[in-house]
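Let me give you the structure first, and then I'll get to my questions.
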Amino acid sequence: MLEITKLTKRYGSGDPVLKELDLTVEGDQLTSVIGSSGAGKSTLLRCINRLVEPTSGSINLNGTEFTTLGRRDLRAARRRIGMVFQGFNLIDRLTVMENVQSGRLGYISTWAALTRRYPREDIRHAYELMERVGIAHYADKRADELSGGERQRVGVVRALMQRPEILLADEPTASLDPKTSEQIMSLLRDLANELNLPVIINIHNVTEAKEYSDRIVGMRYGRIIFDDLPDQLGKDEMDEIYAGVPAEDRAEVGAAA
Amino acid sequence: MTNQSLNQTLDHWSRFTLRQRLMRYGGLALTLLIVGWALSSIDVIWAWVWDAPSQMADLFGRMMPPDPSNLPSILEAIWQTVNIATLATMIAVVVSLPVAYIAAQNTTPNKFALWVGRFILVSSRSVNTIIWALLFVAIFGPGIVAGIVAIMFRSIGFLGKLLGEAIEEIDRKPVEALEACGASRFKIVLYAIVPQVMPAFFAVAILRWDINLRESTVLGLVGAGGIGMILQGAIDTFNWPEVAMVLLTILALVVVGEVVSSFLRKKVL
Amino acid sequence: MSTVKDTWKKPPFIANPVMRYGLYAAVAIYFVVTLATLPIDWDRVADGMSRAQRIFSGAFPPSFDRAGLLFDGFMESLKIAILATVGGIAVSVPLAFMAAGNIAVKPVYLLGRGIIIVARSFHPVIVAIIFVKAVGFGPFAGALTLVVYSIGFVAKLLAERIEEIDFGQVEAMRSAGAGFIATLAYAVMPQIMPRLVGLGIYQLDSNLRASAVVGIVGAGGIGATLANAFGRYDYDFALAITMVIVGVILISEAVSGFIRKRIA
Amino acid sequence: AEDCAERGALDTLYCDANGDLVADTPTDPAKLSNPDTLVFAYTPVEDPAVYADIWEPFIAHLEETTGKDVQFFAVQSNSAEVEAMRSGRLHVAGFSTGPTPFAVNLAGAVPFAIMGAADGQFGYKLQVFTQADSDIKEVKDLAGRRVAHTSPTSNSGNQAPRALFPGLGVEPDKDYEVVYSGSHDQSMLGVVAGDYDAAPVASEVVDRMAERGLYDTDDVRKIWESDPFPTTSFNVAHNLDPELTAKIKEAFFTFDFEGTKLGDEFEGVSKFIPITYKDQWAVIRQIQASNGVEYTPQGLAGN
Amino acid sequence: MLEITKLTKRYGSGDPVLKELDLTVEGDQLTSVIGSSGAGKSTLLRCINRLVEPTSGSINLNGTEFTTLGRRDLRAARRRIGMVFQGFNLIDRLTVMENVQSGRLGYISTWAALTRRYPREDIRHAYELMERVGIAHYADKRADELSGGERQRVGVVRALMQRPEILLADEPTASLDPKTSEQIMSLLRDLANELNLPVIINIHNVTEAKEYSDRIVGMRYGRIIFDDLPDQLGKDEMDEIYAGVPAEDRAEVGAAA
């Protein structure tokens, strides 16, 4: 169970990007976070595993308080959180297998990491996951030889390799074609169920979000203004979440001019 | 910004504010001033400059044709030099890696380590080759060991500095991804940094290798021969055709080095 | 597929196993042989340590008695270094564009690479003598020599950096129909700027230290002073000079770091 | 120079009609040079290293006497100096002992002075050192030992021993193993450390090393000493205007080392002494000839 | 009018990625190209302005045959084609305005480009377009300081700055939130109408494609297998376009295993 309480994040001296935000995610829920550009979705996810240092508030995963962990403990704790990135963040010059196995780096010995002698168990697991998303035949290809869609699938598999207690995904389907998107979304949902793994996804495609999520969280200006079942997300709620986007205001003015 | 100002469309834009522009002009003026100051010390005798091509031709003319009569001893010396340069470069590369790591702003553990790293690199570079040679001859006795160690110490600064800069230029995102996996520092280096600096690594190592080929003149200083000694000897006795031969041999080696490095780079780029 | 694989090997560097192991073996043998034949006499080393200490004990404390000489030499070196760096960069940047395989067409590329390779093959002593013959002794010859010396280094590393740029930006400029120079200025220069600054500042301090080369042309500055201090066994003065050089270069290092961070 | 009857070993650019072994002043006035700025360079090799500023009093004196601006360069390569004079970029130069014949033949240098003592004594000696407790007593005993020479082109460190030792009963390379140490200092330190059994070195260098305490004089023993060799020769370019040449020589010979920095630096030296290449360098030419050195533009150096 | 005839593209010696493809785009149409990952959509777009050199076939834009142009003519011709990239391809270290103005590089003098003295007319045009997509207030920000969505909008404006005769966009909305996506899609549609500008968009989001396009082209394995009005794209057609995706096949096998 992930419990976020009064989470605030301020970059530099500007306005806070997250404002005393509370959020609890449990069990096998797939939670989608939606919101306009700049609402703070990525910041929220990155605060959870402290890639971004929260300004204040508490983040508690299955009893571990994350905000107060020291360097070493944080490293161990991060293994329990899988993360998929908006920009893939693969290591271009390594093969797909190495990229995937890098998700296990927290567990294997330095020597094994250096010589690429991964445990059999890990390799089997990697192949299983790669088959599932359809990239097993690319195991020996270099990551930068793949198309955008394929790259993102590598990113998803890498995160799953950690056997995480929670999975965070920052727009994991942004550059996938709809069928592959569907596969990944259903994979994520299935995993949430099978492994009793809470999954939090930042997503722009509301249709997809509604179809696959157990719960939808709508953010605006660093606050959660909607938190309910997908069915409850209607036209009005959508308007509220995406309304008053500064960009939109300006766009209308501009168009009028 | 208010809606008011947005209603009228702007047709003005400049890259910098007035203040920034003044500062930039100031910087430019200062640079020009410094260059001017430096130029002031150069008194060029223009008559000599016009005459330069014929004087250079005099030298190149005397180099022709290259004299291969001493080729066997040149080849032997160059083989020895290659060995020395290769060993010295390899060892220096290994030693310079951790130094580069702590001397790069984005990987250094802390400010103190950063400056320790920089100090090591700068000392290695600033201490004259002659000094290194003298020191190691005193320690190891005359011979190629002293030469190798001197060249090695001299190379660390160069390699560490350039590798450190390559590290500073890496893409941070993969590093972040591995941090999120809970990988240790060392493994992050191994998986996210090493692959990214590989191309620079080969380029820099080969570049230093061929500098070391030429730098092996210091081997003469420590009584260990090498191509530098032959070259120096040929220059001292104005044996220009032999100088030309040595230069051609070095050129051939640099080309070989270039081919090897571009092969390696292609493999990793 | 009925069973899932549970082994995996990184695709090897060289596909052919005979070639691969042959190469590994050759490299290994080379190292073992060359290292094993190095004559290291450890007793001599033990003796040598104390003797080295004796020789260099004269270096402490460093002597700043000849501060005037140090200062003059330093200024002379600084002037030459500035000119050589400005000149070297001015020559190296276009050369680097010529020698970058992803930007230049084949013949230009080969020409660029060729010039760089020749610049790297010429021993600095020879280059120095050539320029002394051409323009006489003095800082002008020194600066010219160092310019050639810079080419092999700055142009080569810069060319390699250019080959590593994100080409998408160049494509974007091309698809806007931008001219060659404009493409370089907008899509390439911003990407290579940090490296250029780093190389430039490195070159500045390298030129400051290039005593061997500049001493030959009679514009030795600090380098010649250092060499003389050594020749005269004034190790305390030599240490003082070295300390000043290290100090100045540490400062330039900090400046370089600052600028690179700013434009990164 | 095409219609030159006699040029001896000189390069084709020069002529030696009067048989003094150095290039003649051109007879065609158009070929004479009378530069506004005199360029003067000096390279120490067997002489001790000096800081550039000690030449200041002499430069001032030279400027005053000749009425020209003088640019002084402390240079670190003999070859660069010789080539510069050949190209007309250098007018007055100090060449060290070994390179002087090259300068004369390849660059048209005309040696005219050397530094010396008040009594007309000049030069340095070649000395052979061994460890104090060594059983080597005379040069003959070097047979079968490891002896450090400095570098192939050095006069005192290599060529002189090769020319002189056979007369003393050993032939380098044949009777003993020659190891090139790189420099006189290295030879001496190597002897002290026992890396070499003995080494011929230049007296000036070891004297200064002893003075600075780089080695303990008790550790070594001198087994032989040569007659003095000439040190650095001071030269003018052959094509300078004869009047200017005369002024330059006057400046050298009227300079008093007493009380100047130059005088402090070069101990036992009080004036410039006139010399000729033909006489004072005969011994050097002989040494080089016996080593097979030729002064052609290609100047093949044999051992 | 863009007329593509028998366009074939083969990378290296592999199978052709585009196979004798014919496509004609006219007037103010907004054409969406859909297809699974690797179908050749990006390759098709990049062949049009010869960022990728076609292997054979003909590409004709308003009477200019592109495949035979020399270097200089090609450069002039490319100005007439605006392009928005999948990965933005912004110049990170330059400001938004400089990025936007770089779309005009084909027109202004090199000197003006170097000194950043852009013509007033261009600056006004840039501000207008930036207002329209809501990024005018970022003019002086560095491109790498923007969020993914904002970056893509800069890319769109840059392409429009060329005042192109045709606009190509490779997944222009892949990382935008739905509102901004809508804005950009409707902007593109409006521009197609206002400027009588044919627009070709590669897009994965079929819902969006159907909503904004005048015409949908479905690609599979380098061939066009669907080319009709959006209404005609039903479940069957979708299945055909996305069916038999190798990745999907394998994924099903993997899931079954």
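A, B, C, D and E label the chains in the order they appear, each numbered from 1.
Note that in this section contacts are C-beta pairs under 8 Å (C-beta built on N, C-alpha and C of every residue); 3 or more make two chains touch, one makes a residue touch a chain.
For each chain, UniProt lists the protein as follows: A, E = Phosphonate ABC transporter ATP-binding protein; B, C = Phosphonate ABC transporter permease.
Just so it is clear, the structure is predicted and the values come from calculations on it, not from any experiment.
Shared contact partners of chain A and chain E, listed by label: B, C.
One inter-chain figure worth recording: chain B and chain D are separated by 36 Å, centre to centre, where each centre is the mean of the chain's CA atoms. Between the Cα centres of chain C and chain E there is a gap of 43 Å.
With touch defined as above, residues shared between interfaces to two or more other chains in chain E number as follows: 87, 98, 128, 131, 136-137, 253-254, 257. Looking at chain C, residues 1, 4, 44, 48, 51, 55, 125, 129, 133-136, 138, 212, 227, 230 sit in touch with two or more other chains. For chain B, the set of residues that touch two or more other chains comprises 6, 9, 45, 48, 55, 58-59, 138, 141, 232, 235, 269.
Pairs of chains meeting the touch criterion: A-B, A-C, A-E, B-C, B-D, B-E, C-D, C-E. On chain E, the positions that touch chain C within their shared complex are 49, 51, 75-83, 85, 87, 89-94, 98, 102-106, 110, 113-114, 155, 158-159, 162, 253-254, 257. Contacts from chain A toward chain C in the complex involve residues 95, 97-98, 116, 118, 120-121, 123-124, 126-128, 131, 139-140. Contact residues of chain B toward chain E in the complex are 1, 6, 9-15. Interface residues of chain C facing chain D in the complex, by the touch rule stated above, are 44, 47-48, 51, 55, 58, 66, 69, 72, 125, 128-129, 132-138, 212, 215-220, 224-225, 227-228, 230-233.
Within the complex formed with chain E, the chain C residues making contact are 1-2, 4, 166, 168-169, 171-179, 181-183, 185-187, 190-191, 193, 263.
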